[in-house]
Amino acid sequence: MSQAHIVGPMAPAWGGGVSPFRIGWNKLMMWIFIIGDALLFAGFLAGYGFLRLASGSWPDRSQVFELSFIALMTFTLITSSATMATAVGASQRGERKLVLVFLGLTILGGLAFLAMQAYEWSGLIRAGASLASNPWGVPLFGATFFMITGFHGTHVLVGVLILAITAARFQTGRGRPEGVELAGLYWHFVDLVWVFIFTLFYLV
Amino acid sequence: MQTSNAPTKQSQREGRVLAVVVWLIGMAIVGIGSRRWLPPLASEHGAGIDSMLNYLMITVGALVLSGHLVVGWFLWRFGRGQPVSFRLASWRIERRWSLVPVVLLAVVAEGGVLALGLPVWAKIYGEPPAGSLTVEVTGEQFAWNVRYAGADGKFGRTLPKRITLDNPLGLDSSDPASADDIIALNEIRVPVNRPVRIRLRSKDVLHSFYLPYLRVKQDAVPGMNIELWFVPTRTGTFELACAELCGLGHYEMRGLLFVLLEEQFQHWLKEQKNG
Amino acid sequence: MAYKTYWKTWLGLLTLTLAMIAAGGRTLPRLLLLGVLLAAMLVKAGFIGGVFMHLRSETRALMLIVTLTIIGVSAALFFGIAPDGMRALALSDR
Amino acid sequence: MAEKLETAHAGFLRRYVFSTDHKVIGIQYLLVSMGMAVVGGLLAVLIRLQLAWPGEKWPWLGKLFPDGMAGGVMKPEFYLSLVTMHGTLMIFFVVSLALLGGFGNFLIPLQVGARDMAFPFLNMLSFWTLVPGCLIMLGSFLVEGGAAAAGWTAYPPLSAVRSAIPGSQWGQTLWIVAMALFIVSFTMGGLNYVTTILDLRTRGMSLMRMPVTLWTLFFASALGLVAFPPLTAAAVMLLLDRHFGTSFFLPSGLFFGNQVLPNEGGTPLLWQHLFWFLGHPEVYVLILPALGIVLEILPVFARKPVFGYRLTVYSLVAIAFLSMIVWGHHMYVSGMSPYLGEFFAIGTMAITIPSAVIGTNMIATLWGGSLRFTTPMLFALAALVFFGTGGFGGIFLGNAASDIYLHDSYFVVGHFHFMIGGVTLMAAFAGCYYWFPKMFGRMMSERLGKLHFWLTFPTFYAIFLLMHYMGLAGMPRRYYAFDRFEFLEALQAPQVWITLIAFVLSAAQLLFLINFLGSLLRGAVAGPNPWGATTLEWAAPSPPPHGNWGDQLPEVHRWPYDYSVPGAPTDFTPQTAGPAEVPITF
């Protein structure tokens, strides 16, 4: 992916010299943004870890969540990550129709994940859990759960919007493979964060 | 072409003035620093902290003074507008001259921490010696509640929901150990030359138990029971202040530490029991 | 990268997730369970980052910077504050 | 060139207000930071007024601040709001803006040889996310209970329980929102800086041929991008604690307004850790660009290369890594575990070594040079002196044993005013006097500049040097008045001297404003290279047009410090000069 194909004022002056990482500035900026956002979740999860160490007891997750449903959510997100990767591959090969199909599948996967998350949340809220208190004895359990999964859910929602815009742009022929790859990077990052949350929250 | 960068007579004089000012600053730092600023010591572990501070004031003071003298000398000598005499240092010279601050700082700073600092730190945060008098101090917004265990040597349970105006600690009367606890406000009485263990608690916000003369400072964290100990070495009255921002009255959270002779302290203790 | 590799990675991730849930179910000693789950988590993260996000085909410098920064800073943050979490429990006042 | 036409027909709004030109955005940042510096400075004068004569009546101030200083006497909650807002404004909304926002935006594309930042629209967004942040922060004075009053460090439970202090009713919420906007703006800017420095360097500009200013701006932005997110997480938790009844930072059994709060489970230590995890890298984000500006200006006015360029870069790398693992030296006596204290003490002493290497390189740059004491050089030397003294003062505080006594004392106040106050402000002034010709095409008046220097440097130095000794005497920090303790009585006299000197210092800053605004119109016209410097921005016309370099981008052939090369026609050789004219060293 040399920088030569980036046109317009931002093209590097010397027509494709070697930046330390041999990638265009858009991808480099997206990677640095991903590092920053990953550390935001690192801050949340470190705080969650600290509070779990500082509280004597922590509710047993098997009573609170049914693990099979959470596993289904994880499957959905991983599948949407795979369809996204296929869409990126297709955009690099120039197969426009395939890109639109797989972008659509990825958006569907994202919406399904959000729907399942909303369903899970409503179940917990019906059971009496809220930010401040919950029936399982440790108020911080509800607070950390809703905060972390809420932030992740918002990131998934923003991801779905980005994918919709990328698909629309591709539909009208203005889309570039570069744009699809950046949306892909963001989407895989959202899936990456869910791997961490899924393990540290539901299993450990 | 570089009109405003040519070496003028006027700018050379300013260089000389700046050199003198830098020299004066260096001497002022050491001069003012040589006065006795630390409050007179009244605790045993304070000697370790004072030795650390004095070590730093001497070594770092010497570094600061020599740094200022060198900078002043450079400004004086190379400010005369003469052509550049030493242009480019070879990689070897750069590495050699940069080794100077590395070795100096490694010895003075890191060495100071490892040799002097950490032993003092380990002793202060180590186990309090046996037979130390335990006093519980609970900070609240703008006062220090002091409690002694009394004859049974055990502190009664405290429940926040039992806190009232005349029961500031929320002492649980159903607990037998609380019957003989001695309560005081803003006054701590301890015997001299005997280790004192302070159980530091807080009812509301962060406070900091600060005895300047005894070099004691420890934050009182609500929800945590932090232990600290010291050995007063001088009798007298020492002021207790708060050193962590705790609200409107942070500046007037004044307490008094009375260091008494052993028998005076026992006499006071007996008075409280039957009083 | 061929489509096949994406879908092979996909399969790998699913089986890993199932394995983690199965491990979670069985009553392993606490520390071993923790180690296994964390290791599996990092492997999954490696798969997603390496294959899906093409980190493997980027320059080594970029791959190192991304992984070391995220994992290094998160580890420094967590292991810097974890001892105080245990201390807050040990010295708990109520 | 496409974008040359684009600005030709763009209206006033597109060219000056919502401009995407990095130079206009840089100047916008500089002006906002100067505005906030005036506000921050006035807050400092009010603080000094209260500390010198506590309980004194100031009737005309009473009219100016009807609730804060009812009847002319300042109330403690107003005083604590002043202290909190002075700290917050100066650290985030003045120094970050001036050094990173102003000089960063203006210099990076010019010194790198690019037309503009990597993502100009995002750069403009970064400025226009900041402006609401500034307005909300200033507006927090007007809400019920006044501005936030829990210190710029906002330690809970004082900042989390809304009945703990009047400032925590609504002022603290606005403080968090304004800080969130600042973080978003900082991230957008930082992304642009790091990407532009790495990817848009012109032909020949390898990493080791970049001026030190670029290195420091690169590390400062990278540190900020990595350190701010955990603080964002902590700010979200604090917001939830304050308004949604969670208890991340609130343990059980808190007793406020004679009732027990229902919170349970949290502890204030978590906030202190997450805050200082940003806090310490943040002070390096502030001071590194200042060191970069000083190391840029010293060679120009010593007419010789900087000493130890490569070692300075390696020291910057060492500082960037070490600054992420030393945050605990702010928490030695806060109830943190003593073993962590030992680890952080050793780490903090390790970071003094690369800092000392940079300090020595600065001093060694003067050796053998032909020094010209223009205003930028004077301020750069002042920054050098502040860095020397302040750095050594840090050893007292980084060392765990001596910090037990010195924590939260005036020694700390003196130390950080030397470092992130002295070094950064002196470097910002030096940068302003040095790059003003490039920004506006006119020179700032040397006469006013020197007067401003001789009134600022000694006074700033005297004020905060005295505070070191008051700290040694045990004077605690953030006190509304010092008349309640006998051991502080002897120190009331220095408080009065400091206040008088502070009046002189703040009055002297008017000279800078007059000089800055006056020279915009009436300054002597400056050519493209008034100081005879070699870095790329001096190869562009001043002020550079949109796109910086006309139609042909510069090509770099040498490192930026070819001063007094033997046999060269002039005593400086610009980076763009080819190998034919002057032999290349690096």
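Each chain gets a letter, A, B, C and D, in the order it is written, and its residues are counted from 1.
Going forward, a contact is a pair of C-beta atoms (placed from the backbone, for glycine too) under 8 Å apart; a residue touches a chain by one contact, two chains touch by 3 or more.
Keep in mind it's a predicted model, so treat the numbers as computed, not measured.
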Chain pair with the most C-beta contacts: B-D
Separation of chain B from chain C, taking each centre as the mean of its C-alpha atoms, in whole Å: 42
Approximate Å spacing (C-alpha centroids) for the pair chain A, chain C: 15
Whole-Å separation of chain centres (CA-atom averages), chain C against chain D: 37
Euclidean distance of C-alpha centroids - chain B vs chain D, Å: 27
In chain D, residues with contacts to at least two other chains: 226, 230, 251-253, 266-267, 269-270, 273-274, 277, 335
Chain A: positions in contact with at least two other chains: 20-21, 28, 35, 39, 42-43, 46, 50-51, 54-55
Two or more partner chains touched - positions in chain C: 69, 73, 77, 81, 84-85, 88, 91-94
Interchain pairs in contact, sorted by label: A-C, A-D, B-C, B-D, C-D
Interfacial residue positions of chain C with respect to chain B in the complex: 88, 91-94
Residues of chain C touching chain A in the complex: 1-3, 6-7, 9-10, 13-14, 17-18, 20-21, 24, 33-34, 37-38, 40-41, 44-45, 48-49, 51-53, 58-59, 61-62, 66, 69-70, 73-74, 77-78, 81-82, 84-86, 88-89, 92
Residue numbers on chain D that touch chain B, as the complex places them: 76-77, 80, 150-151, 155, 157-158, 161, 164-166, 251-256, 258, 260, 266-269, 300-305, 307-308, 310-311, 333-335, 338, 341-342, 345-346, 349-350, 352-353, 356-357, 359-361, 363-364, 366-374, 378, 381, 384-385, 388-389, 392-393, 395-396, 398-402, 404-409, 443, 446, 450, 457-458, 461, 465, 469, 472-474, 476-482, 484-487, 527, 529-532, 563-566, 570-572, 585
Interface residues, chain C side, partner chain D - complex: 69, 73, 76-77, 80-81, 83-85, 87-88, 91-94
List of chain B residues in touch with chain C within their complex: 160, 201, 222-226
